[in-house]
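First chain A sits with chain B, and in the next complex the same chain sits with chain C.
Entry: the complex of A and B
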């Protein structure tokens, strides 16, 4: 217990962080350990190449996009707070937690989870997934088995399905609507973050 | 009002007729029974060695013994050979009877919406059993465990496992296994012990049952029956997780029950005194060996099947049969090795489905799916009917109120306790906890069925003196759960507001995002540096992709099996089917593609055809077209009809006209080759291809005619065939059949001009004014400059002229000059696609046209 407290004390503003993310102290400590392990040079922040060192992540077809999601535009580093906040997206929704009416929307809410997924597509941050952006993701995920023409028609079809205002792009609202049937809480949650 | 009455009368008549048919069929089988009974007696008297028979097979032996040595004095013209076909005949009749029962059940949906079909079938079974009882004064037919376990059950399990949603099943496998293994053991142990305790407490009077036998009974009664569960839950549509939990549990727990049953059966045979710690350990070991050995055997068979389907390309007709036979073999092999047969066939089906679906031809997959469905539903029906029939038997009923009521009570109560406890444990670690209502439905869905009955009927009367009491109690539990719980299930689900299955259309974007989510989760797990579910999933997928698929899948299937792409393909197929049905509904299959890749607009082509005829309609149409441009494919299919009505009338008329013309002309003039005997039936192919000989002949004749015509042009003789000279044509113009004058003329004239203007140029350069009968037909040989031939409409031709095929006529609007003319209207929508398509189809058509040249050639007409 003593070691737990000492680790927690080392993290600045840990109360606020726990409040915002809903993580338990055990989670915070675990993530902090991981953070330090990734931060090999001990600078107190992570750079993209720190993430790139994770072997499995390098093999992930959309790994670079996910890494990119940790860095807000224009910034080259991510500190522990941001790191934890990003990971908090994947905390399962807890139902027994009393809902305070005037509390801000938790990070792991449905729409925040969706927003995270959305920004992985929307690389130019214009609030829309264009055909090209979709095509890039498709190309990364579908690999060699599908020809370019097929990819393009898949992209067209996908956009057609979601595109309500006929601008050949998927806005976040359209994205959310098209995934209404999917249990996002289920698909975008990781069990051990509970 | 009158119609309503008539309708109800008709409905009643229908029901009545069916019932009548059922009774007739049934009475036939009853008559057969009496005959059979008679024969048994005869055989009994003659040979005086056969024992009392319940089984038809023994009765056959007895009867043939009696009838074989009869001496004939004269040649009989026909003989009554009932005994030759007795068994198969009875089997077939019974199958027919049971299926007719199902038909009767399904007649009225008001009834089936209240009482589940399985319950109705059991009730009908009661009636049939009553009739048999009335006829024979004994129950000659009943569900014999051997028949049930070897001939009725396997296909049901195979179907269920083959159609199992794989991903869902494996992702919930942990929960399913816990429920199936621990839950079943819990039920068996507690029901057995509690009954025994009550017996000791004196609640049942005196019975000759020991504690081990109570446990044995507990084991057999704890089998949640997949057949009953599927039958009830299929009508309820609960959410998929709940469904897979109940369904998967019922499938696996059958295997577990049978294993438990065997262990306890062995214990009972051993006798209470000989059982020591070693035996109990052996029992537990045997439990695991049997259960996991059976599952393992199933996986082995799944691998065998998958590898076999890699090479069955050349015997595609029986491809699907392999799966059925090998699946059945996996069942029998497991039975032979005294492993769990049900688990074996379950895992066989679940594991091989992915690979065989990829390896086999699409048609074979469909065939397999339907074959299994037919077999499974058929035997399911029979099982329920026979569960009813078997009940009408005085011999099996030993009534013991205490035993029966307590059994029902304990079965239900311990099921609830077990399910709630296990779910509570599972919920501690589940990402999405199981709702309390879901748990309730799970517990309530613990229907007992034919497996329990089969096991009870298997009991050995020598070892268990109270077998009949157990059998009767099992039947009552089955009726209680299937009928009562079955009936109350639907209202309960509604009342508890259990999450229903969200019925949604397949959507590419959902599938795409699911894939993305998987990657995201795996990546986040990597970043967190912990091994979670997704790590395992990904690891397995990679292993599967690299090694297992390599072993079990055709290289070709491996290449094009990207999941997302197959979804895309499936969606496209669906759309294509929609287009065709839509096109057919409107009377025509001709449709053109618009510029947007996935947008097909039926109206467009038609519109262009019609524009010249009725400009006022066209205005309406173009508006419509503008609208439709922006709809997705699916919405087109849905929206076309209501939005335009004028349009449809016009089209109907036009189509009718066209069809009549085309039909008439086709009938009269389409090329007929020499009569060859066409093999319409082939054992191994469903091809509807053109006869090769015919193709050959057409080709040869065409070549000959071409050569000859070349010769004749060189010699300066007028070629036999020519392009229509339209103004002359007008005079000789005969309508092959009366078609509506006004539009017909309008249309005809218009085309006339169009065709004329184009052919005029060719006429002047290539051929002089010649007039031939071969109106409207141009052999491409003579029109080297035209990229597509023009077809004049059918009514411009003389009756003797050869008509272009119906397809050719349909292609009118694609001819370049028409498109050019229509350009202003189609400017935005005009696609290169339609040109391409026209060209392609034209090359396809050459055969037809060649064939037509022959006729022309045969009737040369000179100026």
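Entry: the complex of A and C
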């Protein structure tokens, strides 16, 4: 449609973006409008403060971590491309996508979704979820409702179950293995309309 | 002539052009009554056009059909976690032997995948959330030839731009000066007459005159905005000793309601012109104005309100319990103060038609004067007012429940979304208590099991 193309043209490198993320033009337009709505001062990029203004996110126990996932280490702003790429993780898995051996894995593959979730735990990005990091997440999700001992026991049990090589930390492979049976596609996908 | 008519129906642009010319002629010929006609004429044409435009994209321009980007899963935290457990439990049975099957069905230990629920919810709220979009003007499906409603201002076609230009000339050249004159007349008459009435002794004559004066001046102001209002169920109009509550979209709500009945207004005393109007109004009939310092004192406010309603000779109070302007797509939390007083509540639902001019006052973007000018340079303000049957607090119902019941009734009638969120979120931050509630819910699912373990 003529009118949608004109909006798309305003976004730089939109073809590349669509190819990398798999979003349709209609989705890109809507996400662009959402991006603009969040970017209240019209600067063309978002900062953590803009995310913090979303009330439902502020209510989320791990809201801060989710916001942090948008900002690469050292960067203070998020441009539209990065915004869309991160959100692309939550597109439902394309079941009928042909497996080309040379093409890079799509952003919304099961593995990449797991990596995103792993990143929420592993804040120092050393590739392992240490006991401390696990405790931090537990504390965020449970707040002041449980005692320290209860938290510690939960963390101990979790590491005991998942940690196969006994290094007192959970690596990405161990993380993936412990979640083998979970329907990642369903749990970590958002249904984008149209 | 036949050819012209046939051609007109087929070519809608031509139709719109003729509509503009007709309106311009009318305004020139009949300056007094055409201010009303402008709105009606446009309404008729607009309905025809919108029905014909369904498949054509020429006039509708950029069809930015906004609604939902995503379909949100309505599952709760408990349901999600149960499902995750069920999926993962087959693995657990092989591994650890300490899977408790306690009395609670949601027997669960912490799983790494529990974060998935919160993560997904978080991302969903980033993509689309309920609250943020209530504080900006509603998006339209098709453009109504006002620049302010054109969110993606693209050059669609020259013809459309020409039409838009013509529209600008008519709105700013003819309609705006007319409306300004009317507005100034209306306000000055209000101030002058109410001051004059203030000299009369209290009594029936004074009340009668005050009513007439107020109604007349508000009706002039309604004309000044070219507000086309349809009142429904006037038999439910608020009576003396009651409180009228309505959803709040803009300061114009007051003018709309007050032009159909007399109310006692509640508010803070301002300085300047507003203050002058307030002072003169209160001379003619008792309104409730508060000093800035008194506004914080909730008991004082409640006392003055209840004193007012107890006196049956005084007019019904008009209150907007949301406390702030919402963009007329939803109704937000009602503050319980006015529902604690214990008198009959008369709910009123106000719904604006956004196609002729968006009435929402985005106070962070525009000041009052700017807002009024925008209102006066729109096509018209078309709205419907429904008077709902009176409600009172029932036995065993507290103020908050009563407020929610009234809110639901208003939302249902006006076709608005009923939200539990506080309108104060427009400016304030979310209270930590909300986050704590989520944490409490989650911990109940987990820790409940821990207690079972420690006991056994």
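Just so it is clear, the second predicted complex is superposed on the first by the 187 of 194 C-alpha atoms of A that agree within 3 Å, B and C clash if a C-alpha of one lies under 4 Å from a C-alpha of the other, contacts with A are read in each partner's own complex, and residues count from 1 in each chain.
In this text, a residue touches a chain if its C-beta (ideal position, glycine included) is under 8 Å from a C-beta of that chain, and two chains touch if they have at least 3 such contacts.
From a predicted model like this one, the values you see are computed outputs, not experimental measurements.
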Touching partner for A:23 - first (chain B), second (chain C), both, neither: neither
First (chain B), second (chain C), both or neither touched by A:92: first
Partner chain(s) touched by A:156 [first = chain B, second = chain C, both, neither]: first
Chain B versus chain C as contact partner of A:34, first or second or both or neither: both
A:53 touches, of chain B and chain C: first, second, both or neither? second
Which superposed partner A:181 touches (first chain B, second chain C, both, neither): both
Chain B versus chain C as contact partner of A:166, first or second or both or neither: first
Residues of chain A contacting chain B in one complex and chain C in the other: 30-31, 34, 37-38, 51, 54, 56-57, 60-63, 66, 87, 90, 116-117, 120, 137-138, 141-143, 145-146, 150, 153-154, 157-158, 161-162, 178-179, 181-183, 187-193
Touching residues (chain side chain A, partner chain C) in the complex: 1-3, 6-7, 27, 29-31, 33-34, 37-38, 51, 53-63, 66, 87, 90, 116-117, 120-121, 137-138, 141-146, 150, 153-154, 157-158, 161-162, 170, 175, 178-184, 187-193
Chain B residues touching chain A - in the complex, by the definition given at the top: 429, 431-433, 502, 504, 507-510, 512-517, 519-530, 532-534, 559-562, 564-565, 568, 571, 597-598, 630, 632-633
Residues of chain C defined as touching chain A within the complex: 57, 61-64, 66, 68-71, 73, 80, 84, 87-88, 90-91, 95-96, 109-133, 136, 151-152, 154, 156, 421, 425, 429-430, 434-436, 438-440, 442-444, 446-447, 450
Residues on chain A engaged by chain B in the complex (per definition of touch): 30-31, 34, 37-38, 51, 54, 56-57, 60-63, 66, 87, 90, 92, 95, 116-117, 120, 137-138, 141-143, 145-146, 150, 153-154, 156-158, 160-162, 166, 178-179, 181-183, 185-194
